[in-house]
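Some structures to go through are shown next.
Across the two complexes that follow, subunit A remains constant while its partner is subunit B and subsequently subunit C.
So, the complex of A and B:
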């Protein structure tokens, strides 16, 4: 196979896209946890494009089918925009009463000032792009100040990273032509805030691609990037709603804190049937890079081209896109998407469709062929038929119907003193956590839980003084964090439980997870 | 792993004091800068640095009205902010530790800002102010009688310059600052009850000599009784005595002993009243009678100036505080005091020495300061006392990460919190197999450090309990 050959040359430089924890470099993953940012920057310098290489391979093999001319990406950018517009059914309405706050002075508005978290995105030239709260063009002065601070410090060959004041942390990130700032009153560390800013930055690239964004900024330093991003605001709001400042009680915040994704629990036989259905119907399709099946914000199956994998940060972007695009439910979609950790300079073409009206699992087929729609549509139909025949859809629906996974629930109920936990194997960037129960059902209590985990994760993954174990008796709970060679476990217990009991329960939980491992985790992602 | 070529520890880049309200119109920006170290730097750079600090303070004001900007981190520096008095800001700028590595034949600098524990250095910055205030009073009260603002500013600048030029040179090596520097706590000397009462009795001096408002007694570097001094004042006093009086035992150039008092005891080179000549004060004016040292402490809830007389007898140092509103004490007063207390104080000093010798002889059996023995640190948040066997003079015996983790774990105790923080217990294991056990309750924090890679959570719990029981028997620490 020509594609295979042209790929094999490149395997070395691309293995960084394998699972986060499996980074090719020899550094231990602990110190590597927060160094993702540096990786990105290195990759930016390398500036290689996997997608164009894949296309080149495609071209030699099938010269007449495609002619990727340089102007193509522009066209794609345009279509990305239209996609965003067409699917913005769930766009945020909070700030739509703009007529009212035409003259609003946010800087003297105590509600605005007191927000738990602010996110600002601006261009290097100081042009407002996004503000989580308030209309960004009413905050032009503030954006100007941020830009001035950043460039002032930059002037002395330095870079501003954070500011700390009573009860608030402000983290800065300067990437490419963009400046991203997070101001937070939560317990998140500066590193965790930067992780979140990294996700936001990736979201922008996912819509525009790095090269396209840069080309535009090169042409006009003063560019208003909002024009290119308009219609996709909902993606940012949804991405950022995934933490305590939202009104949703969900486990979502923990995936970005642990830089991982969650897996849809399924019996091993069902999962392997699903995977092989995808494999058998897709392996003949040239130019298909990834097939991703997700449900309820969790991964059911991922099938990939040999030598490539999707970074968890990229998968989170896919989850985010699906979660806030209601329109995908009513019709199939064909849209360009950039996965920045895979290749930040090019678009993949995604065929997105729910499997069936009666099965809310969403299939994404990501190809480098922009004319592959019908071929992929066919594949999806066949996959659905196959899954219907062998009752896999039923199994997925069965699981979807439950408010939570039954076996996991029973396990958790079996340890009544344990309130919540996070379990992440070292070998995969996947996270297992049980449903939130009392007392973490309320937003205020969830906030506290989030603060506890932020604190534990920060101390375990501290870049200069990491820890292996933390056992802490707090006023309202007992917490444990344990990083071993094979997994990380963070658990929260009732405040009255004693140490020996905690150890016993943790032991029980670990044994159970090891036994049920393949239900809750995917060891290796299959290839076509 | 890239080869480490060089490591530069954290060091002082600059330190400045500014007050924006001294700049009344454009072009007068230099007036904001009241003190800047190092001095031999372009005025423009000073103004720019202050300008950035102002901008950062202003920027944080966008989100919080507490006016409580604490730190700015850049890739290469950590800048700590402190506003001790309204509109007066102090900024301490540190160069973060830097490691130069060889990566693919190219030297790459790795800035390790995350190693810096902000709290420690903010505490040091705070102490920079407290010490100035101890010896000079508040910024605001300097030159208060002066009507002309410019002259008032000039006076303050001179005071700051005189004080900080010297103070900054005596600052402890920043790379070795740890939690004890952060806490500003003091080691008290545990004494048996009768000796302690005898020491306390010296506070009765104020009955015989009504002008004496308070007394503080030290034995070597430890406090025997601290009187009514606030912990932070006592800390200043303690560090002043240690730095300026005791240290000079070896180097007597700045210390003048009253010639009228004879040296009779050989153990301590000085005996009698110690008159320190502060740089810039009374220097060269040999009028026979020097002014006693004036210091500022709050005995009656208000910062007031007092004359501080320092009297030494063997290893005891006695500090006497006299209301500075009254006229300076005369030589006759010194002589009378000396006659009154010299022999008693010497006798007490001898008894304390023999008591210590006895204890030392009894303790030779188990040497708790040996390297492998568990280390502990106990802190009383209210009195700022601490009790510890951490080998602070040889910092390498406990890895840097362990000391930093303790600093991370300790919660700051602010005067705002009248309630004790809730009782907590915490155990952590570091990646280099050190265990740290922390307990806190009732305004006390206890830390035990163990090094044992094999130990389990339960083993460590037991061992820590044993140490708590063994060491927490000290009356002074618990009863005061």
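So, the complex of A and C:
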């Protein structure tokens, strides 16, 4: 049984606990993971219950064992409350100067500690693999502590899910031989953090496959997985840069939060011409499983082998690969890629090429045949020729030239009081959202918008008590969430609008989306 | 993720309580020694960078609790260690006798791939004290009988042999690591309609 534990664990300064007097009350500054002092009373109460549980457990042990030297027992009890862990300060390199040391001592670095989100990947043995901020091998001590926490709870046939400490949520995910951890001060729920960790885990499988990773870990539990992942770091940074915590202002974060992808808007006729060009040139190719055409992080067309479909999580890996591989733009590519939701144990072989120098749409032909390069290359050339002839490339370029979709923009402009929305049909994992505009153009405001959506999504998708409709007047905006049998809508309005107006606008928006549905969504993906 | 040249070694220190495990680590990492005894609860962690054969190696040192009642971290704790340091107190014969069970316990719990050749190092600590009870000869004999485990006599207090011992630990663990090859062959080709990717797979929800 998984439990959601509510603990106060200060992994950075447990040494202080060692020196604390045997006092069950741990004061605020120590309780908070990053010295933040805003935890609510509920958390306080939970903290106490767990701490006393731990203490009770230890007291029974104390009773059966000899007491340590007099005068030490108090200290021991106090430190035992810190989950039987203590960390020493990180290493000092002998031959490097002290200024350099301080630079690397992340655990005492206020910038590092103040990051909005941390992501850590480690092996079950506690060996560091990745840290979003800071060099992972300088954080070996912290990774040791994480492993010990996981191991400690595992020891009692249980699994640690999360730690809530002050304003910080720490989500754990233990998959196979890997431990993934997200520590966040954002509004994301533990489930949402785990969604993101799921994407990170899939990214690892995408590079290695599950079977190869496991084979290596079975052979050597002390494997340093960095050796197998070296050169792929950019994929992780890019994947994790896709949220408000990074310096990039984009809508990408909303796709993993809603487990969806975005579709490139195109007139119906253009899209079906593109699809049929792919179909007619690929239908005879044996072992071809998927053909995917994307532009600007959005899906133009997907053609699949009959009976197979592609999971949005797998598509996001493809988007991520293309987005952070500038080299694809200069030359065609043949690269193995594992799509874990399709088959986590094997590689698909992807022929990747932009359609033409003057068209930034990227085509991926994914085959199970490792010798299929030339056949797929031929198909791509023919597809491009066909799309040139029937002016589809022009149509794609036309759309790409606009920094945002004109029609969508006009629609949003037509409702000036509506600032932003997310629309996701129930029948498909595709998301429609307008370009971010004032006031959400700045990072700080995007953070706030992300927090609003996180909260709405969490309440609508709450497994215990899901909601269907939320209408809330907040300080700076009016927010609405509405889950019907056919779609989910999340919208943010100016703070001045009243309820009747919101209803009117939502009605208008829904009618418009229904009318334009095929421009913004793909109902069914064609087959070869 | 770092370049190929960087290495990280997980080093576990085991031994009876109060033989000086934490002191050895402190002497090695912080060049400090304290006469005060503080039991380790669960585990303590330290990292130190060393240079071995021109390679930068990060040692992730896991100092464990010697007192049984504080050993609450479970089996998973020893998993994936690159080297195990067994410490005894030269003035406490029992701590020497217990080396056998610490070694066995480690091999059972960590279950390394090649237990016969797993890199151990034995440290006889507290050689600065006068009341020595375990002779060098006796300790060396034991180490020889266990596949020639390297043996050092140390004093965490005086800093005797500590640096040398840990350098050996890093070197031996690194050699072991270098020997092991990484399987990097391509997995088998995907067979369509096999169990792994059966179209009916509930994972394959439509995008």
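Following the convention adopted for this analysis, the second predicted complex is superposed on the first by the 425 of 528 C-alpha atoms of A that agree within 3 Å, B and C clash if a C-alpha of one lies under 4 Å from a C-alpha of the other, contacts with A are read in each partner's own complex, and residues count from 1 in each chain.
Methods note: a contact is a pair of C-beta atoms (placed from the backbone, for glycine too) under 8 Å apart; a residue touches a chain by one contact, two chains touch by 3 or more.
For clarity, every value in this text was computed on a predicted model and none was experimentally measured.
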item	value
Comparing the two partners subunit B and subunit C, which touches a greater set of residues in subunit A	C
Touched partner set for A:224, first subunit B, second subunit C, both or neither	second
Contacts of A:161 with subunit B and subunit C, given as first, second, both or neither	first
Which of subunit B and subunit C A:152 touches, first, second, both or neither	both
Partner chain in contact with A:500 - subunit B first, subunit C second, else both or neither	first
First, second, both or neither for A:232, with subunit B first and subunit C second	second
Subunit B versus subunit C as contact partner of A:435, first or second or both or neither	neither
First, second, both or neither for A:123, with subunit B first and subunit C second	second
Which superposed partner A:370 touches (first subunit B, second subunit C, both, neither)	second
Contact residues of subunit A, present in both the subunit B and the subunit C interface	145, 148, 152
Subunit B contact footprint on subunit A (complex, rising order)	26-27, 30, 107, 113, 118, 142, 145-146, 148-149, 152-153, 157-168, 170, 183, 190, 459, 462-475, 499-500, 503
Residues of subunit A that touch subunit C when the two form their complex	18, 61-62, 64-65, 68-69, 72, 75-76, 79-80, 82-95, 123-130, 135-138, 140-141, 143-145, 147-148, 150-152, 154-155, 209, 211-212, 215-216, 219-224, 226-230, 232-233, 236, 261, 287, 289, 302, 305, 307-312, 315, 336, 341-348, 368-370, 428-430, 525
Complex interface listing, subunit C residues touching subunit A	1-4, 6-8, 10, 25-26, 29-30, 37-51, 58-60, 62, 67-70, 72-77, 79-82, 110, 112-113, 177, 180, 182-192, 196-197, 199, 203-207
In the complex with subunit A, residue positions of subunit B that touch it	1, 52, 55-56, 58-60, 62-66, 68-77, 112-115, 118, 401, 404-405, 408, 422-431, 457-458, 461
